[in-house]
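Take a look at the structure below.
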Amino acid sequence: MINKYCSSLNDAVADVFDGATLMVGGFGEAGSPIELIHALIDQGAKNLTVVSNNTGSGNVGLAALIANGQVSKMICSFPRTANSTVFPRKYSEGKIELELVPQGTLAERIRAGGAGIPAIYSPAGVGTILAEGKETREFGGRTYLLETAIKADFTLIKARIADRYGNLQYNKTARNFGPIMATAANKTIAQAAQFSKVKCLDPEAIVTPGIFVERVVEVFDPLVESDLVSAGATYP
Amino acid sequence: MTGVDSEKLGWSRDEMARNAALDIPSGAYVNLGIGIPELIADHIPDDREVIFHTENGLLGMGPSPAPHLSDPELINAGKKRTSAVDGAAYFHHADSFAMIRGGHIDVCVLGAMQVAENGDLANWSTGPDDPMPAVGGAMDLVAGAKSIWIVTRHRTKRGEPKLLSDCTLPVTGLGIVERIYTDLATIEVTKSGFELKELAPNTSLERVQELTGARLLNRCADDEGQIRAQSVSDRTSPWQPE
Amino acid sequence: MINKYCSSLNDAVADVFDGATLMVGGFGEAGSPIELIHALIDQGAKNLTVVSNNTGSGNVGLAALIANGQVSKMICSFPRTANSTVFPRKYSEGKIELELVPQGTLAERIRAGGAGIPAIYSPAGVGTILAEGKETREFGGRTYLLETAIKADFTLIKARIADRYGNLQYNKTARNFGPIMATAANKTIAQAAQFSKVKCLDPEAIVTPGIFVERVVEVFDPLVESDLVSAGATYP
Amino acid sequence: MTGVDSEKLGWSRDEMARNAALDIPSGAYVNLGIGIPELIADHIPDDREVIFHTENGLLGMGPSPAPHLSDPELINAGKKRTSAVDGAAYFHHADSFAMIRGGHIDVCVLGAMQVAENGDLANWSTGPDDPMPAVGGAMDLVAGAKSIWIVTRHRTKRGEPKLLSDCTLPVTGLGIVERIYTDLATIEVTKSGFELKELAPNTSLERVQELTGARLLNRCADDEGQIRAQSVSDRTSPWQPE
């Protein structure tokens, strides 16, 4: 019987290796798999390239992973947000690399990675400094940039509900990058607030089919990043 | 006249937002940037239905929720807690930016650091010395939405003009701004440059021209060379979605 | 108040013009908007380029539109199926043009059209006669074909349920090309078996957000193409 | 020995399907082509759970439904009515082929007109004289699935070999076939060519070689040069998903 349930957060991230490319879901705190990230801090993998829209806030979650020296490069669209100090400090000290990508281009490159499309053309960023060094091409009289797919070794995401096949549903705008990152990694690891019997999920309303998911771990009452930041929490 | 004094002459933040809101027709799909553009939602006339898109994956964004109803997983593009109206839909980031890039958003209203008379926009980076560059969805929005409008103060906090003959800061997109709603004027970006559509009360063409870094065209001038004071109540929806 | 409901099939397709490019949903009979197609036969627009996975069966629906001489070119992946005789006959007589596209490439080109992506690279068809004349490029040592986006003037699709905003849900495998074709046309026209109050559709389970839909017309009890074909029905 | 007689020697359609089914490990995501490959679903051992994908937009395809439960809007890639198991998911065509092209389908089993010893496959067109070319998803499947297996009769209805040194018909894809399950033999496509894995009962290497249009490598031969008759019960799942 197929059963992708994983009994512990530690087991779920055990095989993340030094130097891996890791996608981390979330737009700000919404959809950020904070418990999986904390498990990865415990696990200790280093020299990670992390693909995530932001860089975390306060001293928990993704910001804590960066603070812990485990991330050598970030690929993201918006590395500074309210209460994000860890990445900006490391970046100004030259201790972490940044590839800045327009948000929609980031999403499309990730989708392409999951869809077996090695490259696409996008109009976003044409004529800007983010287009420097990129190949351009005209279609129908308009200029576009060649943008290559992004793939990862692992994806960590947060879902609302999962079944043993790894089928996932999300919560509101916490969906954001989860469904596309799930498709673009060799191994996708999801935390879900609820496990569901297989027959309870409507096949018309499954957002991520289980084919894209290797492991699911239950986190019944996930931490709220903004509450932790307000309280001045630090991990570990 | 100091910068502080001149600001009192013009429209308030809410009035700037209202000016833009009144130009949005019923049925439009609209994306609002962070800052003054966010205020536009509060000024849509009651007889118009407008649907707000937020690029982090929601079509049908509603007003700010009461604190006890707020959900850290229901946020807007500025990462503030928001709500969803009846008839809303959630989707993932690639679908959300497909909506943007594919030309399905009728109007996107953004803030600006600089706008050039050819429609270039700079609103994402303070230049090579920017300690922490961050672009978000701005470049995708300006490349994809059918119409890009700007709501911004006419000048920077230091009193420098934001409306220029050329942008000096790193651009977000080239030739994409259609309209500008400032505290002092409403301006259309035409092939000939900045064309004045409306002046704020208690100011003058000459004064606004002084505070602008490019020539203001005045096609609204009547035979006496005076600005034709266009009252807000006259304005309906000059802009029509395709 | 936004209201995309259209009271008649005839009104729904009234503005389809001669020479238009038209996407028609469906994989075989599943999802084929047969009533909208019949309304288009009544309407009479000619010289259409039709993008659809198949070419219809029997003498109803898409096959009847072709039989009626309204289609000058088909862009599809599988023009012959059980009971499809109209298109193969016209094609053998040189009376209709065919652009044959691998099914996944067809889907991806349509999605690209809706997503503002002018072209993508795909591995499908490399080294085959369908790659002849297409530009190739290597990424990571593998060869891919440059495939350009497909857009349309109109899309006709079939949904299960719709609300006044044009939000759509589909039925089972009748979903197929509907959601992507809805994004790729200037005007998308949907028939739906049921109209729903706005608040009744779960925002987590809407498949086509209303932004992609211009008109919805109710067809409460849609015809079943295979039943019509078995009965030897002909339209008009 | 006529063609008709020789067919009686080999495996039946169901046995060919069984041979392939036994090589599919539990947990695999599998796409089955039209024809004999469709029969594979009936031969998956009870102790294995395999999930079937149909490219028209369903993961978790079940068996053929009872007539009174069939739905014209729940069909498989061959446009026959089908069913969905608990845990199934529906999706649109771009998502379905993203699943295929993105390398998420573990095994795709197709029929063939011709297979070359370098793994080229021809299964979509009878050539320039094809009255009505139709490709469907075959080219996408062979370009995208992790493993391509073929289930086919060893020869055409006219008795011509389907396993050849080179395909003479228009190809579907180049160098993509990994295994071939015919009525006479099970063959692995290696860098060196067709490698015999198993012979059908009551046939011989010599006879099968005669009916094959390329050299058959026999790495299973024992010291006496005889095929080591591998019994079906010995076979578990040599193939493992990544």
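Descriptive notes on the structure:
Going by the order they are written in, the chains are A, B, C and D; count residues from 1 in each one.
By our rule, a residue touches a chain if its C-beta (ideal position, glycine included) is under 8 Å from a C-beta of that chain, and two chains touch if they have at least 3 such contacts.
Nothing here was measured: the structure is a model prediction, and the numbers come from that model.
The chains that touch both chain B and chain C are A.
The geometric centre of chain C is 31 Å away from that of chain D, both derived from CA atoms. A separation of 58 Å divides the Cα centre of chain B from that of chain D. Each chain gets one centre point, the mean of its Cα atoms, and the points for chain A and chain C are 34 Å apart.
Counting partners per residue, chain B has 58, 84, 90-91, 94, 97-98, 100-101, 143-144 as the residues that reach two or more other chains. For chain A, the set of residues that touch two or more other chains comprises 108, 111, 115-117, 122-123, 170, 172, 204, 207. Interchain contacts give a graph that is no line, ring or star and is not complete, per the touch definition above. All chain pairs in contact, by the document's touch criterion: A-B, A-C, A-D, B-C, C-D. Residues of chain C that touch chain D in their complex: 27-31, 53, 77-82, 87-88, 91-92, 98, 100-108, 110-111, 122-130, 170-180, 207, 224-226. Chain B makes touch with chain C in their complex at residues 26-27, 29, 49, 51, 53, 58-60, 84, 86-91, 94, 97-105, 143-144, 242.
The residues of chain B lying in touch with chain A in their complex are 54-58, 71-75, 79, 84, 90-94, 96-98, 100-101, 125, 131-140, 143-144, 170-174. Looking at the complex, you find that chain C touches chain B at residues 1-2, 111, 113-117, 163-165, 167, 183-184, 186, 198-199, 201, 203-204, 206, 209-212.
Across the complex, chain A meets chain C through its residues 108, 112, 115-123, 139-140, 142, 144, 148, 169-170, 172, 202, 204-205, 207.
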